[in-house]
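The structures considered in this document are given below.
Next come two complexes built around subunit A: one with subunit B, the other with subunit C.
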Partner chain A sequence: MRRWFDANAWTLGLAVLLAALLLATKLIQPGFGVSGLDSLARAALPFALATVGMAIVVLAGGIDLSIAAMMAVASVTGAVLMDGASDGQAAFIVLGVLGLGLLMGAVNGLLIVVSRVPDIVVTLAMLFVWQGVALLILNAPGGAAVPWLRALSTGSFPGLDWLPRAVVFLALVTALIWLPIRRAKLGLRLYAIGSDPLAAFRSGVPVGQTRIIAYALCGLFAALGGLSVTMGTGIGEPIPGPYLLASVAAVVLGGVVLGGGRGGILGPVLAVFTLRTVRMDLTLLSVDPNVAAIVEGTIMVAVVMFGAVLAARGRKG
Partner chain B sequence: MKRLLLGTAMTLGLAGMAAAQEYKIGISNTVQGNGWREEMVCAMKAEALASGKVASLNIAHRNTDAAGQLEDIRNLIQAGVDAIVVNPANAEGINAAIKEATDAGIVVVAVDQAVTEPSAYILSNNQEEYAYLGAKWLFEQMGGKGAVVYMRGAAGAGADNDRDKGFKRAMAEFPEITVAQEVFTGWQQDQGKQQINDIIAAGVPFQGVWTSGIDNVIVDAFVESGAPLVPIVGADNAGFVAQLTSVEGLKGAAVTNPGSVGGAGVALAIQILDGKMPAEKTVLVNPALWENVTEEGRAKLAAAANPNLSPEWPVSVSIDGWTTYTMDQIIACKGPGE
Partner chain C sequence: MTLTDTPSSLSRFGRLMVDRPLLPLIGLLVLLIAVLAILNPGVLSMFWAGNTLKIAIPLAMLAACQTLTMLTGGIDLSVGTVATISAYLTATLAPLIGVPPAIAIALASAVVIGLVNGFGIAVCRVHPLIMTLGTALIATGFLLVYQRYVIATGVQIPDFLLWLGTGRSFGLPNSLALFIPFAVLIIWAQRRSGFGRLLYAIGANEAAARLSGVRVWQVHLTLYTLSGVIAGVTGLLYLGQIKTASLSLALPLDLPSVAAAVIGGTSIFGGRGGYGGTIVGALILTVLTTMLTLMQIPEGGRRILFGLIILSVTALFIRLTERN
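Here is the complex of A and B:
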């Protein structure tokens, strides 16, 4: 019990912080309720999916700077193909877009493994490539999303008023993709190449192959994130949104060590919700927008520093 | 800190006379740190203050995409505002949140660019006409033939797309005009200046420059490099307007694209809240063109120039029939309670 608590202290701390923030929101705006939770969840969805993708590559010791651009490619591809498509066709389009995400991620990973150029350089270059691809597919916002897809993240879960569908959607896709991997050999390998690639190699882990898979998974979640943008807006957007920096921030705030090997997926997702709630509270309090950005950044630094202090104390004791 | 305390004191003071100031208005904007958008936000604040009918403004003003704007609008709904004035990230992407707002009885006014959600009111600058007007004047100055440098805004932006339509319409009327170079400035001063320097250095022949509002740095580049000046079309940014009257040998025209359309949007929202419905749901503000080759045009430029404005701000700081604030109020950039 004690060991479980220690191992998950960071995640638990974030959950407590999030609960406190939601309580504060209720105090600031007594009318905050089901619709507020729903809008919070819908706002968090693309950020959360991008963050899960980023968390996987960071755990495996990498980083993917092209994540927001891949989301844009997925968003415009989905929206262009779905324009005028039937419900049944749309299901295949969604699968196709997810495949495209895997492919884009795998290309990133392959280039890193084959060229041996640092991941930060390769994915920075690919950021521009995917940005160009997105603009080639659609040079201005447009396209469409089929109603059933949009309904997946809109409103409450049937029977449970307080549970937004966007949360259910997020939990379901993340659990379906990540949990089986985490429990399989692949999960161990991802963590192994993240904490010490040389040791992993000597233990017989196919380092290159595992790295490519990590980037492919990141691409898959980027595609999900891009689709969720299209689900929210009803169109495809060729210009990448603010998801790159936001996802790196949430990964760090969520307790994943940049450099790899340590952390989980739940922490970063809770961090996304925490950051979205902070943003909501700042709007509700009508804080000067130029000050709001400073407040957001300060909270992030403060939480990470506070956590580092706690972790250092824990090690001494 | 002192300003903060003063602000708090003023808020408390104003709360005492809140009886006349009844409305709470939300604002959503997705581009931060751009002169035009900053003027728009200041116009919104100034109009809210000058109307005397707004108790508080709730401003969501940051760099984000349509998905982020959905979040901001929903947060404003949560904040319980009476009206939302929004500069939409694009025409369709935020319809869902606008519908939720109007369903909740909130008046929504889209300014600068249109939205396709029918429950919203639209007060927008006519972007297609903006490009057409300037391009047509430029092509006439070039004698109906030659090559033009086409310096666009941001790839994929709705306003850039509309302006492209207007530019192409003018091109179609002048078959002997060709495009020497087409670049996207991203509406960034430094990027635009680098691009024109490259074009001048490359020696590509051209007889005119059309810009999507990144204009004063283009004139700077010509002056600094000593390259022969060609006719240049820009927006009514204070810096460019000043150059049109001061730079020797420069022929050019400024097309108005008032950022004060934000103030007009607030004025419209207040009118609707007061129960005065406009005749049409869409109001288009048409641009004007001020050139420096005729006596009449120079008089207009002289009247518009204002040394107190930031060089990136459009000089058309008010819109007749809509905005009621004074020049000092918009420059002060203070909303109710600030």
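Here is the complex of A and C:
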């Protein structure tokens, strides 16, 4: 019990912080309740999915700067294909978009492994490429989303009205994809190449292959995130949102060390909700949205700075 | 660029690329211009050359920020935002408080953004890419808040900036009057000054530089502040060239400025490259953009091409330097 407590101290701290923030929200706005929780969860969904994807790559010792651009590609592809499609067709379209996400991520990973160019440069270049692809597919926001897809993340369940569907959707998707991997050999390999690629290689881990899988998973979650943007707005968005910096900040705040090998998925997800709640509180305090963006950006940069200082300490010690 | 399969000629070509990147680059530029002339006969003229120079100069100046930061293994993705802010502040403050104070405030804000970048990168050791993206995000927030307060006041673009940005003397754009001294200064600083050598030293081997007594954090702080100032000045020039104050004025130059430096042979890992190549890189990109526009390739296609160029040139350089 004690050991479990120590190992998860960071995540528990975040959970407490989030609970405190939600309590503060209730104090600021006594009317805050089910609908507020629902809109918070819906706004946080794309950020959370992007963060899960980013967390997987960072755990494996990389970083993916193209995540927001991949989300844009997934969002516009889904929205363009779904425009006028029936419910049944839409299911195949969703599967196709998820496949596209896996493919985009695998391309990123393959280019990193084959070209031997550092991940940060490759994904920066691919950021331009995926942005271009998104713009070619759809020049301006447009397209449509089928109603059942929109319903996936809107509202709550009868009888359990305090539990937003967006949270359930996030938990289900993440658990279905990540937990089996985490328990399997692949999960161990991901952590292994993150903490020491050379040692992993010498212990027989196929480093290149594992790295490609990590990026492919990131692409898959980026596709989910892009679909959730379309779910939330009902249209495809070719210009990437501020998901890159937000996901890096949430990953760092969530206790995953930049450089890899240490941390989990739950921490970053809690961190996303914490950051989103701060944003919502600022809005409830009727702070100018642009000022709120400044505050949020400052928090994120401060978190990343703090994380970098910690990482530098860790390397020295 | 033609690569033959025999290893000896490849390695010879590689040495040529690494030691004298200017020669193959100028060859590529001439080739592109030739293709352009074939695609569209009669397009080449003194006017066209002047126009190409005029468009390439702001890009080359922003690419100077990338070249200098990339020499240490960094990057500055906030340059487009800094240039935009400097231009917007100048244009909106000039009718209120006069031109010289407006420009002073514009450049001061560029310095502040540069200092924040430098602080995060030098002291907190955040990766430059993430740090500069973050400051760009925050700075854009400040710009949006600011523009709500000046929305009613008019916009005034100082006359000398218009002269600099759009005027021509003897068929050549006046912006050369700013750019030639600027380029000479940068090339001198990077080759001959102690500061320039420190940049190469840090980029080649930061630990070795530190052990030889270089105060790396001071160099980083100076470097990113300098990068902010260059971007601010570029914003002023760009304002005179575009003649409107918009909230996204110089943002489209962000990515091409990185591409120009990479094409120019500056290694994104530091320690290798120079501004001479970057200038040719900016010219190549400008001619390439003209070509893509003539061929009616949409904006998306252009971005894809820029990304692929950055990736393939970097991969090529890695192969070549490993071979040597």
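Note that the second predicted complex is superposed on the first by the 287 of 317 C-alpha atoms of A that agree within 3 Å, B and C clash if a C-alpha of one lies under 4 Å from a C-alpha of the other, contacts with A are read in each partner's own complex, and residues count from 1 in each chain.
Simple rule for what comes next: a contact is a pair of C-beta atoms (placed from the backbone, for glycine too) under 8 Å apart; a residue touches a chain by one contact, two chains touch by 3 or more.
This is a predicted model, so every value here is computed, not measured.
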Check your understanding: Does subunit B (first) or subunit C (second) touch A:Leu227, or do both, or does neither?
Key -> neither
Review point. So, A:Pro242: does it touch subunit B (first), subunit C (second), both, or neither?
Key: both
**Study point:** Partner chain(s) touched by A:Leu17 [first = subunit B, second = subunit C, both, neither]
**Key:** neither
Review point. What is the contact status of A:Leu124 with respect to subunit B (first) and subunit C (second): first, second, both, or neither?
Key: second
Exercise for review: Have a look at where A:Ile56 lands relative to subunit B and subunit C in the superposition and call it first, second, both or neither.
Suggested key: neither
Practice item. For A:Gln29, select first, second, both or neither according to whether it touches subunit B, subunit C, the two together, or no partner. Key: first
Check your understanding: Looking at the overlay, does A:Val272 come into contact with subunit B only (first), subunit C only (second), both, or neither?
Key -> neither
Exercise for review: Using the touch definition from the top, say if A:Cys218 reaches subunit B (first), subunit C (second), both or neither.
Suggested key: neither
Exercise for review: Could you say whether A:Leu135 touches subunit B, subunit C, both of them, or neither, answering first, second, both or neither?
Suggested key: both
Review point. Which residues form the common part of the subunit A surface touched by subunit B and by subunit C?
Key: 135, 139, 242, 288, 290, 293
Point to revise | subunit B partner contacts - residues on subunit A that touch it in the complex | key: 29, 31-32, 35-36, 39, 42-43, 46, 135, 138-142, 150, 154, 229, 232-235, 237-242, 276, 279-280, 283-284, 286, 288-290, 292-293
Point to revise | Interface residues, subunit B side, partner subunit A - complex | key: 32, 56-68, 70-72, 74-80, 89-96, 154-158, 160-161
Study note, to complete from the structure: Listed in rising order, the residues of subunit A that touch subunit C in the complex are 65, 111, 115-118, 120-122, 124-129, 131-137, 139, 242, 244-245, 248, 258, 288, 290-291, 293-294, 297-298, 300-301, 304-306, 308-309, 311-312
Practice item. Enumerate the contact residues on subunit C facing subunit A in the complex. Key: 120, 124-127, 129-131, 133-135, 137-138, 141-142, 144-145, 148, 255, 258, 268-269, 298-308, 310-311, 314-315, 318
